[in-house]
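Chain nomenclature is as follows: A, B and C, assigned in order of appearance, with residue numbering initiated at 1 for each chain independently.
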Amino acid sequence: MGETMEMLASAARTDAPPAITLDKVNKWFGALHVLRDVSLQVALGERVVVCGPSGSGKSTMIRCINRLETHQEGRIIVDDIELSDDVKALDAIRREVGMVFQSFNLFPHLTVLDNCTLAPIWVRRMPKAEAEDLAMHYLERVKIPEQAKKFPGQLSGGQQQRVAIARALCMKPKIMLFDEPTSALDPEMIKEVLDTMVGLAEMGMTMIVVTHEMGFARQVADRVVFMDRGEIVELGTPAEMFEQPKTDRLRMFLSQILRGH
Amino acid sequence: MSDITLNTAAAGVPEAAPRSAPLTQLGLVGWMRANLFSSWLNTAVTLLLAYLIIRWAVGFIEWGIVNAIWSVPNNQTQACRDLKGTGACWAVITEKHRFMLFGTYPYEEHWRPALVCLLFIGLYVVSAMRRFWRWELAIIWAAVLSVIGVLMWGGILGLSYVPQERWGGLPITLILATFGLAFAFPLAILVALGRRSSLPAIKVLCVMYVELIRGVPLISLLFMASVMFPLFLPEGMNIDKLLRAQIAIILFAAAYLAEVVRGGLQALPKGQYEAADALGLSYWQKTGFIILPQALRLVIPPLVNTFIGFFKDTSLVLIIGIFDLLTAGKTAIIEPAWQGFGVEVYVTIGAIYFVFCFAMSKYSQGLEAELNRHRRR
Amino acid sequence: MSQTTNDPRLLRAPPKRPIRLSWSDERVRGIVWQLLVVGIVGGIVWWLWSNTVHNLEVRRIATGFGFLGREAGLPIAEHLIDYNPTDTYFRALLVGLLNTLKVAVVGIVLATILGTLIGIARLSKNWLLSRIAGVYVEVIRDLPLLLQLLFWYAVLQGLPGPRQALNPVDGVFLSNRGLKLPWIEWESAHSWALLAFVAGAVATWLYRRAARAAQMQDGQPRRVWPVALGLLLVLPVAVWWVLGAPWTPDMPALRGFNFQGGVNISPEYFALLLGLVLYTAGFIAEIVRAGILAVAHGQWEAAQALGLKPTQVLNQIVLPQALRVIIPPMTSQFLNLTKNSSLAVAIGYQDIVSIANTTLNQTGQAIEGIAIIMLVYLTISLSISLFMNWYNARIALVER
């Protein structure tokens, strides 16, 4: 356990303060212990990819970070604020953490532009004109400004996910969480979303991405975390993880995942 | 496939021109063969039904039109009575239609309740149109209902005052149904949200309310309103009968509407709730901007069907002595001259109810078909 | 990586969370909200309650259910058990309850039969039949029930008096005093025959199960209908024959101003039953139609592709799936019919609501009277709800 902490400390960029700290986080669903002593530190500007078989707790872990799930033991500290039952703390954290879901979850009754401006106007108290400028800026970033007045139902899956990314970015978060962002997309649309995420990484955004896209991990990730059955089994740079897996579980997982690639 | 065509063309065999179906399959004859006469049993059923329909139609035309009496001089209904069974006495309607529609409202002021009825119809039509489905609709409702109140009561703007005891007929039915919906709807939304709340006390209260109201007949609530409400209030405080019945109808409607709204809330994908949470929206922001607009749109057809139910249920106020359309009809035939012509009166009143309910029913069916088409994309 | 019993995720139990007393704690807010709401609701209820107690005192109205033991003094025209006006209020209410059940049970059975037939007719290939059924459903559902009841009552009242009663078949008389049907003098042989019929029904059900089990064993289907015919028809008739075959018809005959003998169906009951059955059948028809349509056409095709005959497809594949969709809303309609029977008070049929209403008018005890009505209906509703939940849980399709 002690050497894990050393590993974590050395792997993180020591010059940047940690953006997210998970310290011995435990979570139960009923009697099922789904996160077991999960500890992780993510530095500001770092890109972390989390992978693992289904049921390993990777989605649960990142959903704990913005309190879509609650942890029962351990500490989660985001941007120097600790996650607890405190409502004010929670509001502050959710303003700084953006999330992109597997099923996009765009609001179908609002236009693309309204989807993006809703939270800035009502949570960050921005004037409408300013919010719309901001939204158009990010829609250009994700390369679909011409869809601003359309409704989500009129867009393709890849376009919807890019709108979802823009919507999260409009809150100017410090950290972006991605929960299997390309798993619900047809193959031809995966690339456009991944390219957007690569662009985001190049901007210096702190990102935690749960995904099976190992190509993306190799290209962009600073670290890869492998989880299985609720605990972090291995972590390291992409090169270390993919070329020299240390544990049998990771080896087995990689052989299953990479067979298609 | 293209290979085959090429081969035959190459072999010099002329391609057969596509032939049209045999004549007996097409057009009216074809349709009749398929739908009416496709088998012996089918043919027999068709012939039997056709015979019955024609016989009944002829009988109805004879009773309702050919042999009917349309008006009688001065309440001399003997001519009508002689015809009993063979001819309708529409004279009842000719004589009593104003009474059935407007009750004991002063004769010269009948234009006011008539205008009120038109306003109600206008309100329904506007609410049915898609482009008015925003929160601003509530303001339109408030405005129109206030105007209706002013018209019925009078007392200001040069209109003479008409006490509530003299109101009756169709306006009362529309008032009970529409004000009922107007107040029950917000209450229903609150109860539906409360039922899905994670706070146990609120959830239990809402569940108890809904199950209690849905388990008892509307009659018992109306009795409660007419007989028990006066006991609930401190001495000296008095609310009149119409208001008491209105409150009972509101409480009744809210319970049923709450279940419909709850269905919508449950049908909404969980991801919508989560996305709103992740963006940092508060509970009321989330509910007002994201959840309710979508959930309510999902359940508009069942909402309309429930409203049709209430519209018909307002007729129950007959039993506690409030003068709605049905009561007016029943009262019209109490006086000895007109006793016994219930069939004519009820058919006419039925026609009025039918027009309203059928229109709403068709609207709801059309809406449902449209929504299903969208969803099955 | 199999999930065996030594799954490490089952080793530790979750800890308990202590509460921090602070406004920004989610749970503290929740508790405060609940206290607020319960407080307001409780306050309103207390205010209403104290007003009521005060008003009852001032008006010298008695409270409590003591009146149930007093003499009712109210005449009841139709009663399934013995009753006369010197009986207690309790007995009067009991008679009312039985009257309600009399119309509810018969109404449910008839409405289900009629509704199912109309629902199937709606799906018929014959255009005329399906359109007529459709018109029926639409018209019935767009008219208030009370209006329909008053209409039928008016029609029945418009019938000629007993002396000119309609007499379509020998022994059947329809007048404005009701429908008179011939009956037979009931003797013990008839009771035995009825018992034999019930026993035959049970035996048929048992035989069907045994036949099915035997078919599972050796694959040979066994025909049930000959045995059923014997047990349900031949057996009771044989019992009746053996016991002397008594058959003395009791024909209604006009004596004075009305009929004597035979069995009488009052115009009130008849109008109520007719109105309720026709109205509820309209709704049941739609439910049946939706249920049958809910079974995807692919089910039919797959079953027939396997070689099953149409009756087999119906019994094994289509009906079980259709019933799942049909039964919940159907029980809701049964409940509606029972609640709607309370409209009896408008046409003079003395059901529980009508009698409770008269009681509360006579004794002045409004609260107890209405409480009785609500209690009766709540009991019926909750029983049906419980049955529904049990049934749903039993037949629920097992899903991931």
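The rule is short, and it goes like this: a residue touches a chain if its C-beta (ideal position, glycine included) is under 8 Å from a C-beta of that chain, and two chains touch if they have at least 3 such contacts.
What you see is a predicted model; the values in this text were computed from it and never measured.
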Label of the chain whose CA centroid is most distant from the centroid of chain B: A
Name the chain with the Cα centroid closest to the overall protein Cα centroid. B
So how far apart, in whole Å, are chain B and chain C when each is placed at the average of its C-alpha atoms? 25
Could you state the distance in Å from the CA-based centre of chain A to that of chain C? 56
Using mean CA coordinates as chain centres, what's the chain A-chain B distance in Å? 50
Touch list for chain B against partner chain A, complex: 269, 271-272, 274-282, 285, 289-290, 293-294, 297, 377
What residues on chain A touch chain C, complex-wise? 26, 28, 31-34, 36, 53, 72-73, 85-90, 228-231, 249, 252
Which part of chain A faces chain B closely enough to touch in the complex? 66, 68, 91, 94-95, 97-99, 101, 103-109, 118-119, 122-123, 153, 167-168, 171
For the chain B and chain C complex, residues of the former touching the latter: 34-36, 38, 42, 45-46, 49-50, 53, 84-85, 198-202, 205, 211-212, 214-220, 223-224, 227-228, 230-235, 308, 312-313, 315-316, 318-319, 326, 330, 340, 342-343, 346-347, 349-350, 353-354, 357-358, 361
In the complex, go through chain C and note every residue touching chain B. 30, 33-35, 37-38, 41, 48, 51-52, 54-56, 58, 125-129, 132, 138-139, 141-147, 150-151, 153-155, 157-158, 339-340, 342-343, 345-346, 353, 357, 360, 366-367, 370, 373-374, 377-378, 381-382, 385
